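Order as written gives the chain letters A, B, C and D; numbering starts at 1 within each chain.
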């Protein structure tokens, strides 16, 4: 290949370059005796940059959702691709089922998503891709139930992640902070009982698995945190409470309120701020791919 | 006795009447193998009203204080007497030592003030005076460490009290919410280690014994609560946090911020509002003496 | 009269004594060319205590209400009488019409209630009763629209009152802090336009007449203030905002949140705390009748 | 030039490309009869992209600072260059003197910085560069006194800017919200009296020129706003107050609290979030250069 062709190729490549691809990867769960799919956005540079190890953003979906949500439901369908390329990040969007809350259910063997994400998914990703396969190279975020998941899993496994974020997070699954009418209460029970059993008197499993009660753990862990919520979101007061408790116990964290509700427009707007936040952490950790 | 003398006596009595007396009562503790004194204000009506059973306000002192504080340290030395008379209340001011925090120390057999107040003091008072010797007839409040004591003891023993209050309460004894310089930190340790041992990593005994972490218990108990703090008090943010958590989990409570700091002027001003609050509870419970 | 009869009389008197009377007084308004009634509770001691001058509590009613509300609508119909007797206070309950907001309407000559209350009512009361006819002897409070009225009138006329209070106050009459649907917005306009004209762009008359915008004036005035609201009241966020602004600009004030909504049960509970607060101010001012 | 040389040049250009230049531009002020310098970062693409009109970010410095601060004081000296290139933004950093507060002083003809920035600087920039010379193409932000300046100037001239931001903004210049000791008070007066005269009783010029009192104007303007402050900043409570008032009156805005104090580390961290925020506004306005 002469120099001309080489330069031409380079130029073409740099045009083609802005096109991360999104794989669908099957990730089996021994714990649940079942295989779930995950979407994995791989930045365009990954193919050429054959020696580099890439940091990974684990990005969790919300209740009633599935692994493909983040790559399909944002109004701008190129968002995930662009962010993967712009920041040279592998973005893994695993399955969390419609209502697992990313915890290991004590009453349902088929819902063991804490184990799935923190052991099985991470191991499979680290085997399949050239990742920075350690704490410094992993960050985690999510929306709604996935915001809970990101803070909950990183809060309980601080040895696995360098930073964590939550958008519009369902950070309190206990009913104690809410006044529900009988209809709402019934619906709520129907959703949570399959994973946590009947709620019963406080303190209970619902309290123990709510992020709002884990703020002292978050303080001790010391992970960089980014948390935001729309002021018209039905979860805004829960997020304000978490912010106030983190202020109260002096846990460093970024907290943002902005216009918007529990919508994909909101999350499309919020995600780039999370990625920018994580990028700083990854750069400080020396694992960002330039 | 003729009618004239009877009427004269009545009149004199009504003059004499505005003079509750304050007894000093020795209350032994089997748990601590020691006897402590308590001040007991008995309303003037108690002597004449020989069949009536009287409700009791347990009123706890603060750190570095003793049982005689409430009856001696308010700028107006007649405050306790007047309130006892005005509301026909027995006001019991028991000993809590300079730094017991009204808990049963797991490391110090000589500091067992939860047992002392909830078992030994109450039993002795109910034996010594014509009290309404049940939950409906007892209310409890206190200042600073005693505000903690009132919420802590009633929170853990809701079967004993009809309502509880806290003025300028030291409602968080964990250090997790504070930034102390080494000098302050050393002082703090010196105070708490004799009753709770070294603080150690969270969650720990310090967290478990702080009212700020008991808000779900307060919700479940459902006792009427009155909490206040001066805006210039060094404990104001802790009291705001407790208020916000009680708002968050929908626990009914009266919460007041007013001018003032951690002073006897403040407590002299605050106590009559507590007694007025308790009086309503006692009236609803049918145990107030008219 | 012999001594026996004298003593008997005294005794009877002390029984009769607990019976303040509530007058209805016609108070003409030159400004509005109309006469309105006021209810005036006069303590039982007033008749015997013929040389004493009595302090006056002006107590304002809410929207859709009238002068007789405070003496007729509390669940306990003896409340006003008892408080007048207990604290030796004259309690004046003047007319504020269904929707005057206690201001001098710039568009309606027939609605001039700022002038009415601050000039005509006070003058008439001071002529009719043995009052402490100066600032030190007057306090003012009210509920809802009347809470606004009490803070608004004392805020603009600090030379007339020694202290002011608001229960469940409608402390913001501008629409700028609210999101109303068209129906609500229409209703709101129908109420306010007769006294303030069309709202128009901000800043406007609505803003200028809202207590929430007068907090710097309240700071400068330095009057003792007591403000409260029920946590289930639709006006709670407005009251929280006023409290925060008074905290922010360091205006001394008592602020309470307690269980309850926009109901007479709430106001019956709240009023005694206001009177207790005012009594301290009157005692410090040397004008309380013992 | 043959194709080979052309391609080579392109490649070299794309390397050179990541190097915005920062001009120093003299901008005379007729109002102040004096010429001040401004720093202007021009993105590398500007030279090649000869037909494009570029949006402009006006970026204001803080008290005790000067026009060169933003380009010289961030720990990473390439920050401004990189942001200009990454977002294809012209970044103008004008002079605001050590203590002008970006207002037209009513007592000092030599301090007329509202006129300077909003008329003279903007006009000069639009004459000198290929700008989008209208509202849609201008955004403004700043730090501390410059955060005040950005919200103050855009608040009073909403026809000039598409969006505004404030980092660690000095959003209240009235003393009414603070308790200063005599020394602090004296220092404060020495700073503000040259531009606003003696403070005098409220309401006054200090109140009228504080952003905290302009929240209804910000609501009416409807400009997108981004406001942040570090939790250890001495200005945090002022920023919280502005946020709460904007929440209260339903003004859409992004508000962030994050770790940090009044330092260049904080502002280096904060600025990229502002630029990302502005970029979305510019893209929606159709004026961003791709």
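Convention: contacts are C-beta pairs under 8 Å (C-beta built on N, C-alpha and C of every residue); 3 or more make two chains touch, one makes a residue touch a chain.
Keep in mind the model is a prediction, meaning the values are calculated, not measured.
Averaged C-alpha coordinates put the centre of chain A at 48 Å from the centre of chain B.
Averaging Cα coordinates per chain places chain A and chain C 55 Å apart. The geometric centre of chain A is 34 Å away from that of chain D, both derived from CA atoms.
Taken as a graph of touching chains, this assembly forms a single closed ring in which every chain touches exactly two others.
Contact between chains, as defined at the top, is found for A-B, A-D, B-C, C-D. Within the complex formed with chain D, the residues of chain C that make contact are 176-179, 201-203, 207, 216-217, 219-220, 237, 241, 244-245, 248-250.
For chain B in complex with chain C, the residues that touch the partner chain are 3-4, 7-8, 10-11, 14, 231, 243, 247, 252-259, 269, 272-273, 276, 280.
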